[in-house]
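Alright, structures below, take your time with them.
Both of the next two complexes hold subunit A, though its partner changes from subunit B to subunit C.
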Partner chain A sequence: MGIQFKPTETFRGDFSYSNSDEAVLRFPFPFAEDKYMYSVNMEPHVRKGPCPVFEHAFDVDEHYIAECHERALVLESDPKRCQVLPHMMAAQWDTLELIMESLATDYPEHFSLTRDGDNWHWINRPLNTDQRFVFGDPSTLPREPFEYITRQAQGDFTIQDQRDHNLYVDGGMVTCQADWSLEFDIGMSFHEWHGPVPLAHDIGVFDRALQYLLRLQYGQPVRRLNWTMTVNPRMDTSPENYPDWGPDKLTVTPENVDRKVHLRVELQTLFRLPRSNGILFGIRCYLISLQDLERVTKWSKRLGRVLATLPPELVEYKGIARYRDMVVSRLAAVDDGAPLSLGIQPDQTSLPPRR
Partner chain B sequence: MIVEGKLSARVVGVDTISPTLKRFRFAPQGGGQFPTAAPGAHILVTLRGPDRVWKNSYSLVTTPEQRDQYAIIVRRADASRGGSHFLHDVITGGEAVELSAPASLFPIASLARKHILISGGIGLTPFLSYVPVLRSRKATFELHQFCSEGEAGVFRDLLGNEDGRIHVHGSTSRPALDQILADQPLGTHVYTCGPDRLMEGVAQTARRLGFPENAIHQESFGAATGGQPFVVRLTRSRKTIEVGETQTLLEALEAAGVEAPCLCRGGACGVCLVPVVDGEPEHRDHVLSDAERAEGRIIATCVSRAKSASLVLDL
Partner chain C sequence: MIDQGIKSRPVYERLRIDHSGLRHLFVADTPSFSVEPLAAEAQALEVWAVAPLDSEGVSPALTDERHRSFRSVQGLIQRLTHRLKDERMGFRLYAAGREGFLWDVYGTAQQAGLGRQEVFLTHHGSTRRRVMCVHCRTFNEGVTTTIAQCEGCGAQLFVRDHFSRRLSAYMGVKVDAELPGDVPPAEQAYQ
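This part shows the complex of A and B:
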């Protein structure tokens, strides 16, 4: 049985995006403890863990078709959301190979890849795509290989070139970002593009993370969860479009906070690429409304505790100052203060109705 | 590509190239395809002999697109730890072997305008996977292979058609490194693999001629995880565990059933830090401060090892 896609849901306008009960229960909740602080929280991306989204190299869920449509809309109005510098052609083919092979292996009912030497045949059933091409020859694809395949994948991607003991963000497909810009960052080194992050530089997080990633081995990808919050289920929260979504923060009231405010979690994965020796950085975005998150008792209490104790620098950096207190008081009202289990797992297998 | 554990393979061919050189070809056990290997990648080959196990790293000589077979070329060395003797004398085809996923510590530089490859003897092997890749990328390159006069023909055969970019220098017709490296265009990168003396000569010559440090690349299988074996004693669980030369301290603890904390397995997160009661750690992590390193009272088990023959840990 395949995934039941929801092809018509939207991430703009009427915001018809929502999670099924199954999608709520498999949500990658990011808080293993009641407090949050930056750390080098990377671990091997193996096909197991406390959350089902870890079970595949690239997770595909019920939002797949709708997210690919949303990406196409963003690119139509702003083609520079996908850019790759000229020396990254080998990394482009590496990315195409990695994503096609992974999807075809992990979801054979939806994707297939057959190869006869350099003659490849790719079938993407959910998007109704059937493409024969010559691997290594960009003229046989309708777009360059990186853009071609990342238009058929959920989440943003960047490709890092490794040279001079550093990583450079020399390409990307960035249409569902949490307020950062590829157009601004392209070509930057690791510490340059992480420049705006508060506190973490001072405790050496980026020095250690860079050393770790420079040694990332092929076949042994790593992952981490990152998070922020977004008003409305809007994928494209880019600096370029701030006038479209920034004012949404002012629309949150105690009456609508549970429907308006969404926890936004990024499953970040890093893969060493073979031909280019680059690194593919996947930033897979998951959104859950507060009213759905509340149906998991442990997550409801823990999110409230994390937000209540979040350092002020992080409240500011994550852009949640306008409505943080509303969320905290709503969640605190149903928190009995009892200890919660460590880890991110939901501790329940079914969901009550919404509050 | 997620590779969990080792790649199971079998030897599907042994080709004699010269009296001391053999090519060993491997195919995935049970069919299928190997992971795409980087140009210049190496694999760790695990061979099980009758009374011991050999683990040696060899450069792949196959291209990234060749995934039905991996191949290595091995010289039967007089002064080897036995791995090359075992390969040459015992492996005839059909044997099961374990391979690591191909690792790349010798990549082709993405921004180089020109590539100069200089190898000596069997150090040619990583360039056998470079050359077809550079050709298909239409890159500007030249290769210089230094070898004994007697082996020049063998290496010419391995490299295929000489096309003006491939130069095999036997001992009677050797150009000086200066001749090769002088007057190269800006943006030229030089790569070298072979005996230490050759690699040092190439690096020194390149530096003297003004190559920037980031344009000089030397093959090394690197300080991956291995080192001298040592013994670790655990005060709390009262266990004594041997850490092998190709095993990390963390892997040895896990193999012995000790619940050791860990997360990133790469010396960056600090989760695996354990107090040292006695012995001298060899720190390889990126977490500890200089003062903590000097003090030597804490160790990152996922990457660090011992300078002393044994370590005592509070675990």
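This part shows the complex of A and C:
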């Protein structure tokens, strides 16, 4: 059975994006405990775990077509959201191969890849694309290989070059980011591009994460979940467009907080690339409105508890200070304080109506 | 406010000759940097410096082959680009000056194929900042305050400590994006 896509939903303007009940129940809720602090919380990206989005190398869901369309809109107004430094061509082909192979294997009803030596044939049915090309020859594709394939994938991607015992962010497709700029950060070392993150440097998180990633093995990808919050289901919360989305934060009221405020979760995956020895970093963004999240009792209580105890530096860094208290008081009103199970699983299989 | 604790801001150390190198070139955006301690470590050190503004374009006389003077930073960088095309392994580059100059030199060296361990930088002189507006990508030169108006789009930019070596610039972010008009007073921070 294929995925029922929702091709016309939007992430701007009328913000018609929403999750089906199935999408709510498979949401990658990021909090395994009632408190949150940075840690090197990476685990093997194996095809099992407490959340269905872990079951594929690259998760494709009902928002696939709409997200690819949103990406095209962002690139139309700002082509620099996709940039790759010239020495990364091998990593571009690595990325194209990994994504095409994974999608064709995981979703054969939607994607297919036929390889005859270097002559490849790619079919993307949801986007009506049928492309024959020569692997390794950029002139046979309508765009450079990295941009070509990441326009047909959900979530942002960066490619890291590994040299001098460090990782450099030397390319990316970044159109649905949580407030970081590829144009500014491209070429930076691991610690430089994480420079603005508070607290984590001082507790050694980035030193340990870098050591871990330098040893990442081909065929053994890893993953972690990261999170923030966004007003309206807006994918493009870039620093470039902050003057456009910043004012949204002041539109939140106790009456509309459940519809306006969204938990934004990134499923971050890291793959060693075989030819370039680079690393592909996938940053897949999931959005869920507070009113949908509340339908899962455990998640509602846990999110309220996490937000109530979040260190002030993180409240500031995540940019949620203007409406955090409204979310906390709404969620606290229906929290009986009972202990919650460890882990991120929803602990229920169907959803009640919205409050 | 001045140290925001962001780790991308470069930290500079005093220049020392890297004796694993065979040829050494020092460049500065001003003749006021005292190069003698460095020159004492390597007799064959070449010294290139930009002439002071009050020389008004007049070329200073060459004192010897190892010392060159340039009319402007632009002239020095262009000459450096040309020079690096002919350099080989064993070359070491040293630079002193304002931060924007340092990373322009660094970028020039990188494009010519020099590695991170072959270029040494030290800050000297003004701490004024080059600030790239993250919204409209205009470069604002010589910023001295914590908040400055972008010359490109007019936004009041907060100067973040986030520094891009590639762009040789700090990031400027609209300070009142959430509540337009809510601009805190700018403080003098970079002289």
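The definition used in the following text is that the second predicted complex is superposed on the first by the 355 of 355 C-alpha atoms of A that agree within 3 Å, B and C clash if a C-alpha of one lies under 4 Å from a C-alpha of the other, contacts with A are read in each partner's own complex, and residues count from 1 in each chain.
The rule is simple: a residue touches a chain if its C-beta (ideal position, glycine included) is under 8 Å from a C-beta of that chain, and two chains touch if they have at least 3 such contacts.
Quick caveat: nothing in here was measured; it's all calculated off a predicted structure.
Student: Based on the superposed arrangement, let me know which partner A:217 touches: subunit B (first), subunit C (second), both, or neither?
Tutor: In the superposition, A:217 contacts subunit B only.
Student: Applying the touch criterion given at the start, work out whether A:49 contacts subunit B, subunit C, both or neither, answering first, second, both or neither.
Tutor: neither
Student: If you stack the two complexes on chain A, which partner ends up touching A:322: first (subunit B), second (subunit C), both, or neither?
Tutor: second
Student: Touch check for A:275: first (subunit B), second (subunit C), both, or neither?
Tutor: After superposition on chain A, A:275 lies in contact with subunit B alone.
Student: Applying the document's definition of touch, where does A:57 land relative to subunit B and subunit C: first, second, both, or neither?
Tutor: First partner only, subunit B.
Student: For A:39, using the defined touch cut-off, is the partner it touches subunit B, subunit C, both, or neither? Pick first, second, both or neither.
Tutor: First partner only.
Student: Given the touch rule stated above, what does A:343 touch, subunit B (first), subunit C (second), both, or neither?
Tutor: Once the two structures are laid over each other on A, A:343 reaches no partner at all.
Student: Tell me which partner touches more residues of subunit A in the superposed arrangement, subunit B or subunit C.
Tutor: Looking at subunit B versus subunit C, the one contacting more residues of subunit A is B.
Student: Would you sort A:311 into first (subunit B), second (subunit C), both or neither based on which partner it touches?
Tutor: neither
Student: Of the partners subunit B and subunit C, which touch A:98 in the superposed model: first, second, both, neither?
Tutor: A:98: touches subunit B, not subunit C.
Student: Using the superposition described at the top, list the residues of subunit A that contact subunit B and also contact subunit C.
Tutor: In subunit A, positions 164 sit in both the subunit B and subunit C interfaces.
Student: Which residues of subunit B touch subunit A in their complex?
Tutor: Subunit B residues touching subunit A: 1-4, 35-39, 41, 64-65, 101-104, 107-111, 133, 136-137, 214, 263-270, 286-287.
Student: Considering only the defined contacts, which subunit A positions touch subunit B in the complex?
Tutor: On the subunit A side, the touching residues are 39-47, 57, 87-91, 94, 97-98, 101-102, 118, 135-136, 161-164, 207-209, 211-212, 215-222, 271-272, 274-278.
Student: Taking the touch rule as given, give the residues of subunit A at its contact with subunit C in the complex, in rising order.
Tutor: Counting only subunit A, the residues touching subunit C are 164, 181, 183-188, 191-196, 198, 201, 239-243, 246-247, 249-250, 322.
Student: In the complex formed with subunit A, which residues of subunit C make contact?
Tutor: It comes out as residues 5-9, 115-117, 132, 134-135, 137, 155, 160-167, 171, 173-174, 177-180.
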